[in-house]
Each structure stands twice: as C-alpha cells, then as structure tokens.
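Quick one: the structure is below, questions incoming.
Chain IDs A, B, C and D follow the sequence of writing; residue 1 opens each chain.
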Amino acid sequence: MKMMFSAAALLLAAALPWDNAQAETVNRNATLNIAYGNRPGTLDPYLTTNNATSDVDRNIFEELFTLNDKFEPVPELVASYTLSDDRKTYTFVLRDGIHFHDGQRLTADDVVASMNRWLAVSTQGKANLPGAQFTKIDDKTVQLTLPAPSLITLNVLADVKNIAAIMPERLIDEANSTKKPVTELVGTGPYKLAEFKQGEYLHLTRNDNYVSRKEPASGLSGEKKADVKDIWFRYITDESTRLAGAMTGEYDIVFNLPKDNIEALSNLPDLSLTRPESGGSLITYLFNKQQGPFANVKLRQAFNLALDVHQTLLAGYSDPRFFVEDPSLGFPEQVDWYSEAGKPYWNQHNLEEARKLVKESGYNGQEVVIIATKEYAELYNLAIVAQQVLKQIGVKSRLDVYDWPTVLQRRQDPKNFDLCALEFSMRQVLHQYPFLDSRARFPGLSNSPEIDTVLDGIKQAHSLKDAKGLVDKLNVLTWQYLPVIVLGRTTPEPVAIKKNVHGYHDLIGPVLWNVTVTQP
Amino acid sequence: MLHNNTRLFFWGGVLVAIVLLSFCSSLFSPYDAYSIDPLSRLKPPDAAHWFGTDNFGRDLFVRVAVAVRVSLSVGAAVALIAGFTGLTVGLLCAWFRPLDLILMRVCDGLFAFPSLLLAIAIVGVLGPNIANVVLALSLVYVPSIARVIRGAAMVVKEKNFIEALRAQGASSGRIIWLHLLPNVISPLIVQVTWVFSVAILTEAALSFLGSGVPAPTPSLGNLLLEGKAVIFTAWWMTFFPGIAIVLLILALNIIGDDLRDGAEPGLKALPVRVMRQLKKGAQRG
Amino acid sequence: MADPLDEPHLLRVNNLQVSFATPKGVVTPVRDVSFHVGRHETLGIIGESGCGKSVTAQALMGLLTPRTSRVDGEIILSGERLDVLSSGTRRRRSGRDIAMIFQDPLSSLNPVFTIGFQIEESLRLHTSLKRQQRREKVISLLEQVGIPEPARCASAYPHELSGGMRQRVMIAIAVSNSPSLLIADEPTTALDATIQAQILDLLDDIKRQSAMGIVIITHDLSVVARLCQRVVVLYAGQVVEETDVVTLFQHPRHPYTRALLAARPSAGREPKSRLDEIRGSVPALDALPQGCAFAGRCSRATTRCLEDSPPLRMLGGATHQVRCWYAENTGSPS
Amino acid sequence: MKWFLFHRLMALLPVLFVVSLVVFCLVHLAPGDPVLVILGNDASPQDIATLRQQMGLDQPLLAQFVRWFGAVISGDLGHSLFLNASVTDLFMQHLAPTMSLALYALAIALTFGLAGGVVSAWQHGRLADRVIRSLATFGMSVPGFLLGLFLIFVFAVRLRWFPVVGYRSTNDDGLLNLWYLTLPAIALGFRIAALISRMTRAVMLDVLQENYINTARAKGVPESLVLLRHTLKNALIPVLTICGESFASLVTGTIVIESVFGIPGIGSLIVDSIERRDFTVIQGVVLLITVCYVLINLLVDVLSYLADPRLSVEGSEN
C-alpha cells in the first residue's frame, strides 16, 4: 500500500520538521488556510459522525479519553481512573485547572451533564453504552456505571467521530430543554471558534488559556502546542477549485484532493503531497432498510450480486492506489477485528442471478431514490455506478443531488432515500460503525436482532481473542442482512501541504494543534 | 449576393452535419452512452474513442452526440411550445382588447424576470428533470414571442381589409387564423429561431449548474460540468463538448441573423468584384 | 502648387468623374464634368434630381466615402489641386476655404449639440480665437444671418428652431470663416415658399457683402435667375449646356434646357406638368444608352443621336457650350 | 419630466404585482405540501401545525398572498430554512461580490464594446471590421461558463497570470479584489461586449448616414472627431438602453460565472439554496433581483430620456 506512494512519501520525508526547522523561525502568529471539501451541517459533535464536523470539533473540544497513535484509548481530561472488579463501574478523576473557553472552570457537573446527554443522543452512546449512566462523586470525580461489562467502553468514550465532547453544563441544559442542537461551541480544547460563516468558512483562533497535558504528543493525545494562531477552514466544495488553489499556493493545506488530477501536484516546488501513515475509510453503499424497495432484503442482495467491485471502485476512486478491495469490516492492521468470512458474498458480479433475484423479490417497478452530493466526488461517482448497475438488473432509479449538509439532513428521514454511497472512517472497534446496531438508529435504520446479539456478545467477551468467532459471524450476518455493502476501503488520503508548514499528522482526520508554520 | 449565400450554406452545412452526426452516432460508434467501463476511464482521443473517454470510461463521442441530441430536443421542444403559446397569446391579445390588458400585464411581469434566473428558480423548485427544464424555459420565453406577435398582428389588424372582412360579418376566429396568422409567420420564424438557440444556451447553463438535465443523461452543460472537474488532466472532456456547443450556437445564430436580415434588408456588404472594378477605375457608359 | 495669380478662376473643375460601387456593379453618376467659378461670381448648377449635381457638390467638398467611391479629374481651388491632397489636409481646407450649405436644414444640424456649439466648433477648428471671442463671433454671425434673439438661439438645440431658422444657422456656420468658395446644395428646396424668399435674400446679401465665389446647386430656375451669373446644366452626369444666365433664358440651345424652361411656371402662363413636357425619365446609371443620354426623351432625336454621343461644343461666343448634334438648328423657344 | 417619471412608475406597478404573484407561486409550485417541503418530512406534527398557522396556510390562497405581499412590502422576505439568517440579510451579505463582478464586467464590456463598435463602424467593410464582427458573433455564441473554463485553463493554469478561482473582499484589498475578479469579469463581459459592439456599429453606421455628419465634415471636423463626438454621442442613447438590458444577462450570468470561479455572491447563494431546497431564500432572492432589474431598467430609461435633448423638450412641450 505504502510503496505505491513512494514519491509522495519522499516528499513527506523532505518536509519533516527537523530537517529545516532550525534554519527558520516558527511563526507564533501564523494563519493556517485550509481548503476543505465539504461543509458541516451541524457543529454539535453529539449529533453527527460527519468528518466535516469532527475535523473541526476535535480542535475545540476534549474528551475524557482520546486515542494515541496506536489507536489505543488514553486519558485526556481524566487524570486517573479505576475499574471495579465486576467491570461495571468506572471512576474517573478529572484533571485540575482546566477552564472552558468562556472562562468557567471545568467541574464534575459539566462532565456528568455532557456525558449523559452524549449517551442519550449520540449513535455511539445509544448503540454501544445502552443503559450506562454518569454520576457525580465530588467536584472532580465522576462515576460511570454500566448494566453489563463491556470490552469496548473506553474505546467508545474516546470516539473520534461522534466526539464525546465535554461542554459547560449550561449549554447542555439549554440543548436538552429546547431539544435542539448545541449552537454555541464552548470547549476546553486548544482552539476556540471565532466565527462560522455557514457555507463559506469557519475560523478557529488559539485558546491562549489552554492547559496542555505534558506527555509527548501521540495521535490525538499528549501535548498540544497550538503554535498557529488562526486556522481557517475554507469550504471549497468544487474539487477543481480546491486543486487549483493548491497549485497556486492559495491554501496551506488542501484536503479532499481530486484523485484524477493529483499528478498535477507532484512537481510543484513549494508543495508536498503527504499521505497519512494509517487510516482510511470503509467504502459502502448504505441501504434504507425500513421502507422503499430496499426494505426487501432480496433486492439488496440482488444489487450486491450484480456488483463488480473492482470496476465500481475504479469508477469511484480513479486509480487502484486509492482503494483496496476487501469485504472485511475490520482493517487488516486490526488483527482481532479483521475477517474474511464475508468473502463468498462479495464481488460476485453475477447479473444473471441478480436479475432472477430481482424477480423473486417481487420488485414492482418502484423508483429507487439515490441520494448524492457532488461535494464528495468519489461518492457521487459511486452513485452514478449504482444507477447504472440498477439499470442493468432492471431496477428504476433516480439521482437526487443536494449539498452535503442537506444530504445529512435528508437522510435522517427514511422517506427521502433508498440508497446512498458513504464512507465510514476507520474505527477501533466494529461497534463504532453506526450502521450495524439497530439501537444506533443510524440513517437507513438497521434492524437485525441477530447482528445486535452478536455485537453484544463481543462486548461481553473477556478478550478480543475469545470473540474471534463472533467477529466472523458478524461479518457473515452483515453480508446476509446487508445494512450496507462493503466494497473495500480507501487508502489514507493524500493531503497537499505547503513546505513551510511542518508537523502535520493525521489520525482519522487532521491533527492541527502541533502544526507549525515557519518563515524562512 | 453570392458572398452571403456561401456563408449561409456553410453554416447551414455545419448545422446539418452536427444534427446528422448526433442522430446517427450509432452508425459510427459501437459504444453506448451509458455503459460504464472504468478500466478505460479518461483515455485521450484515439482511433477507438474519437473524443476519448470520460471519468467512467464512457465513450465521449457518443456522449457528446447524445448530448447534442438532448440539447437540440430541449431547444426544439421549447421553441415549439413557446412558439405556439406565444403565437396564440399574441394573436388573442391583438384581437381581444380586454384579454390584451390582462395577458399583456402577465407577459410584462414574466418579461421582467431575468430569464435564466426564473428558469433556475422554477427547475430548482420543481426538481431537475428534462420535462421541468422544458416547462421552465418555455414559460420564460413565451412573453417575448407573444409581444412580437402581438405587435405584428396589431399592424395588420389596423389595415382596411380587416375592417372590410368584419363588415362582411367574418367571425373573429376566421379572421385571426386566415388573415392575421399568415402575416405574423415571418416574425414568428425569426423569434422561434432565436428561442431555439437561446434555449439551448440556457439549458446548458442550467445543466452546468446542476439544475438541468439530471445525470446520467448527457447534455452539453452536464458534460462541461464533468469536464470542469478534470480540466487539468483531461482536456478532451471540456474541449469536445465545448466545440460542439460553440459550433451549434454559432451556426444557429448566423443562420438566425441571416433570416432576420432577409426579413428586413439593410446594409449589405459590397461584392469584392465590384470593389476591384472600382479600384481599377473601370468605366462604363 | 501653382501661383494663384496665374489662375484666373477661383475654382476650376476639369474632367470630374465620380464612380460608386453598388451591389450591382460600378456606376458613374458624374462623367467628365468641367466648369469654373470666378471670384465674386455665382455659378448655378441645374438639373433634375439624379443628374449628378449633389454628387458633384459632395465631390468638391471631399465628402464621398473613399472606400466605395472613386473621384477622377482635377479640382483646383485658388490654384491648388484639392484632389491630390491627403484626406486630412483636405479636411482642413473644408470650412475654411470652401464651405457648404445643405439641402435639408432639419437634418443637417446635430440634434445633440447646441446651435452655439455647432457654430463655435467651426471657429475653433480654423481660427485661433479665444473662447470668449468665439462666443462673441457666434452671436454676431447669428445676427448677421438675421436671427432675432442670437444669444438665446446659441444655447438652443436644433429641434427648438424652425426650418428657416435652421437654414440661417447653416448659413452662419458656412460663412463663419469667410471661405473663398461657398457651395449651396438646394438651399431652399426643403422650405416654405415665403421662407425660401427670405433665405434667397440672405444669400443675396451675403454674396454682395463678400468676395466669395458661390456655387448654387438647384433644380429651380427661379433661384438661378435670381442669384446666378452663369449656369451649368447637368443631365445624366454630363454637362449638356453652359452659358451665362441671360443667354440661357433667352437662347437655350440644348433640347433638355429648353424643356426645363418650358416646364417653369411663369407669369401669365399655366405651368405645364414637367412629366408632360419631358417625357420619360433620366436613364438609369447602370443602363446608359450608347448615344446621347437625352435621346430617349428628345422629340427630335435622330439615328445619329441614338448611336453617337455628342461632344460638348463651343457655340457662338466662347461662353456658350452645348452637348447636342443639332444645337445650331434649334429655333428660339416659343 | 415629472409626467414621464409618473407615467413610468405607474406602468411599473402591474409589472411588480405580477412579479410578486409569480414569485409567490414559486413555493406553491413545489410538489407536495409546502410546509413539509419547508420543514422536511421528519417534522413533528406540532411544528407542522405551527408553521402552517404562521404561514397562514389554513387560510384561502388569496388571503395568503395578501398576507405575504404585505410582509414583502414591509421588507420582510422571511427566514432561510437552513441558515440562521433572514433572506434580506443573506442577500446583502452576498451582494458585494456580485455587484463588483457585475460592474467590473460592465466596465470591460463597455470599454471593449464601444471601442470595437466604433472601430468597426469606422473601418466599415474592411479587415478590422470583419475581425471585430466575427469576434462579436463568436462572443454571442460562447456560453460564459465555457469561456470562463478556457480563461482559467490558459491564463490561470498555464500562464499563471491570474488566480484560478476565489474572491477577496474589497475590505481586504481593492486591487487584489480586481485581480481576482479579472478573469470572471472577462468571461462575464465578453458576451455583452459583443452585444454592445454590434449595437454600436449598427447605430453608428446609421448615424453616419445622417446629414449632420456631412455638415460636420464640411465644417472641417477631423474624421476622428466626427466619429467620437458627432456620431458616438448620438449613438450612445440606444447603447445605454442595451446596457440596461445587459444588466439582466449580467446578473444571471454571474450565477453561472460565480460557480465557475468560486465567488461567494448572489449566484452561489441561489445555487446553494437550490441544492438545499431552501425555498424561502430562492423565492426572496428571485424577487429582490427582479425588482433590482426592473428599477435599473427604469433608471436607464430616465437616463436616456435625460441624455436626448429632443425627448426632454418634447416632454415639456406636451
């Protein structure tokens, strides 16, 4: 995987901080201009697993736990913690001297309010910590009680997409009473929100009162320096525009580079193409399982039967460098979660059988609504492919194109879509993929008691090694029930970074707080 | 004279060639405009794919041909619907005063909208599909046709023979269809030609904005939108649809201009032969 | 450049020929026209419409579009060949040495500029007068051409004035730089009869007050009778008769001239309709006959007239020229 | 003059009425219940009832229109369904880029259109005229967005003379603003330049046939001044009218050009609103632009009325 990008890796090596940082001075007043491909809908971290939200929110908010560069949960706002012998009660002691952006001191009340709301409204909390409860012990101690032991509790608390952000109690109370998303973003992170102009830009500015952990930085954990003063996420939804901006040096960092044109960037003198060391996303077709034609599992299977994974991914992602064809829910480096049990169901490309199955399913000519956005070119391409495949097996379809926030909003309602191409960022545990568990109530609304049971079984196992059989079973069930079709996964996406920007890292999203900008 | 006719024949030929190519593309190319073939995506033009392939490996020649067909059909549909409606409204307005007051106010109101804006709004609200595009564009261009027809019909209406016909007791319908109609045909043709080319341009703009003909149906605007995404690496995806639309519109505009000039003769260019003769000082008589 | 003193005439036109390019081919509305005008002299050029008199005037002024027209022959003003000058140099002579009054005063003034501006522009181009002096000159010019409230008129726009007033303004513009030659192209045609008389009076005044040579182009014999000393009769782009005004009226030699005179309304005689008197019409420029251009309409035309084009011949004194084979044979008009 | 203005303003009333009626119908055109369209299908019955009442949907259509019209007259165009802002605010926020682009494009179009038209009329029938006329015919046939793509490709990507896309506010740096807007303004203005040049040429040729042009020449006015002073001033009035009409194509042109060049103006607002199905914004923006357009045409009428001495005096006489 990595050697394919050897050229980019070389460029990355050339850009590593220690090579030339000495000769240049770090600019503490620097501004980081980021070209970002899609606009967040809500910024409330509890309500979405969307990258556009989490990539911003991780700078503003902190969690009790977060991930290190080995994807292990480690304490962030927690100073120390204990687990009871029955593995059902966690006690967390909070760090001292932490203040919110509004100047209020962080207390146990804030944590209890935040975490209980998160447990109640987030897909992660609902699916993976059902029945859990946070309570206050004293001003700096809180307790989490679980109905049953779970292997994955800390992983879930450290979720990087559906961030369990700690916010002031007053904002949580307000959100709870109005039943609306949090609109005022106040956290404890190294950056605070200065301005959000919907659709245009989001401006973060350094939190000068930030109190960092002292451990060396690792993944999302450890020291956060915030050397850059201002960070601007500029929402450039058109990919050629982003590419052009990268070429002309308008932006310091450009995400979501158009795959077809990426070569255009490889020879530019003041730009490097960086590819994160790990990560990637599952590439899926998400079905609406509750209503519409795909509520019928046979039609889902027929569509799956018809798919030619290689062709589909090639159409979506341009070049085999950018994807891996694989039926597993887990990534290969996640040894305990990786499973090839689903392989027989995957990539069959059997149009004949598929057409037969469509007939068997009793499909009555109803139009399948594919919901798509042009803001993610790859997903849009996948939607076009899906339309073509459906045509081949005699299923009518229509493409509804919206902007990304609207897709996010519309897909909440099962009436609005039948099929949607989606990526899911790599997760530490399979439970964090929201499309599996019916309790997550993720759009598309899975409802497979078998899958739920297996998920619970894994949680309650003593170790992941013991759960190996269940993981295989989970893969098979997923391929039979088809909440989504897993086509494969993306390789970590290249990012274009100016050469005077150093220390960029990625862990399921950009890590910006240890980035420095130097002046020659 | 000859000079002008050459130009008309040339561009008429271009138009006919484009139309023929687009409607008979299947004779020249074995490919289908919709079949995805990712293995041969973004291939530059070669012997197999004359215009190259797009980002789904679809043959661009066939895509452009179908797109021209779609654009022409949209243009023709709009020209016909708007032409017919505009003709009817214009004639009725010219003939019946009370109707004129109401319908012309409506036309004035619709005319006040910038046309692309109104079309975008209508398609945006109704949802993008070909029928809505045709509907929106027709609605947008009816007022201008109706106005011209009304004006031309009013002139005829004031003429004596119409008075005489009325005195003889000819019915309104008879006068309108037998006497007003033939007299407004010439301005109608000029207007309809104009609407035809403008509708094609507007449809392209709508599709380019994603509010026109929905994917995967190719239209010239769609293709250009797709081409824009890969403009740095796959020039052919912008170039060929671009050339197609420019040639098409150029041909329609030039033919339309000549039609209009034919309708109202003005300054004509002097033949080269005469100019040469004048320079030589050739004398006669 | 010739010494002006060697040149007895103010204006000499030798073998003037004007051709135009038209979509149908090249036509030549003025063919081999020669005449001269002396200082203090007023020459009338007379003929039906389409005979080439206005084209002659425009050729003299250099107003013909160079690209679509061709002017051959010599135009000599005060001993200087105008036809060989560059268009820019020639334009600088216009309005200073040679000026023109046009037929239609209603359309000959620019509607978007004030009268004062349009007169002043001519002064600004050809004199070194200061702004204030120019203003004063404008007022005095307007007074000179008989405009009642000159100051008010100067700040008015053309459409605010009547036709007669406008023609006075045109005359003011023409004479503003005291040109040596003034060409008046049908100066009264577009005006009412009473106004016509006033304008003719004005021209008469101006003529008497200055040393200008004047060329008056008209189809109206009464204008000729009133103002001119000598007359050139044009027919189908050619001079058919040239003589002094007295001879013309008393002893016209060319059948065309005689027909013109006969068509003139005069005291005690019912005017005959011109159509009645001169049958047919001027031959089309692209279909000129082989012989005499007038032969088709001439009651006395012979085979010779139809076959050979007659030359312009001296007749009697050195001042009478006629283009007719039978000029000597014609009796006096009765 | 007063009468003229009064007359024109009165004629405007029915137009504006029809315009607002059409705009009102826009949302009601949308398939399905407007409340569901606005709130989305997942709205709670309570929200639906509230909005239905707010919008007065329980009343007859005529009453609804009267009510909506009243609100519009008082400047209330409603709120965006997606963004936390009123339609008027959104419009004002996005106005600056569009206006600077439109004005810049108009300036370019006027400069090149007039120059081209004058040269074309002056060189009538010669090479320069033919070249300019061919360019103009071409300009009328190239969609602005295609020209925009071409300009980006040549001048921004290959030659790197201009930024590829983007927009800088005039508040930051006026010159930078112009620099960013140059390519879009050319792409937008080209068609109008073509239009103006054709119009100017035709009108100039007509004017050059006028007798007063010969008067000027006979006065000795040099040919350059004949063209620029005596001819052009007369030709300007119809050209001014064209400029007014061009505003429509400028405004609608910006919608497309903004999307090519990534300029956050009214066009982007409309396109985004359509992608979001943000009907109140679409409705409001269409109404505002159309009213602007109508008013600008009125302004142009008044200006050409003032520019032509013949008209203003005739008016006063009558």
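The criterion applied here is as follows: a residue touches a chain if its C-beta (ideal position, glycine included) is under 8 Å from a C-beta of that chain, and two chains touch if they have at least 3 such contacts.
Predicted, not measured: the structure shown is a model, and the values here were computed from it.
Across all inter-chain contacts, the pair with the most C-beta pairs is B-D.
Nearest to the overall CA centre, using the mean of each chain's CA atoms, is chain D.
Farthest chain from subunit D, judged by C-alpha centroids: C. As a whole-number value, the distance joining the C-alpha centres of subunit B and subunit C reads 53 Å. Mean C-alpha position of subunit B lies 22 Å from that of subunit D. Spacing of subunit A relative to subunit D, judged by their CA centroids, is 43 angstrom. Counting partner chains per residue, subunit A shows two or more touched chains at residues 238, 244, 401. Shared contact sites, meaning residues of subunit B that touch two or more other chains, fall at 210, 228, 231-232, 270.
Within subunit C, the positions touching two or more other chains are listed as 68. Interchain contacts (touch definition given at top) occur between A-B, A-D, B-C, B-D, C-D. Residue ranges on subunit B touching subunit A, taken from their complex, read 34-39, 41-42, 55-57, 128, 210, 214-216, 228-234. Residues 1, 268, 270-271, 274-275, 277-279, 281-285 of subunit B are the ones touching subunit C in the complex. The touching residues of subunit D, when paired with subunit A in their complex, are 40-42, 82-84, 152, 156-157, 160, 163-166, 259, 262, 264, 268, 272, 275-277. Contact residues of subunit C toward subunit B in the complex are 17, 19-28, 31, 68-70, 72, 285-286, 288. Of all the residues in subunit B, the ones that touch subunit D in their complex are 105-106, 108-110, 112-118, 120-122, 124-127, 201, 204-205, 208-211, 224, 227-228, 231-232, 235, 238, 242, 245-246, 249-250, 253-254, 257, 267, 269-270.
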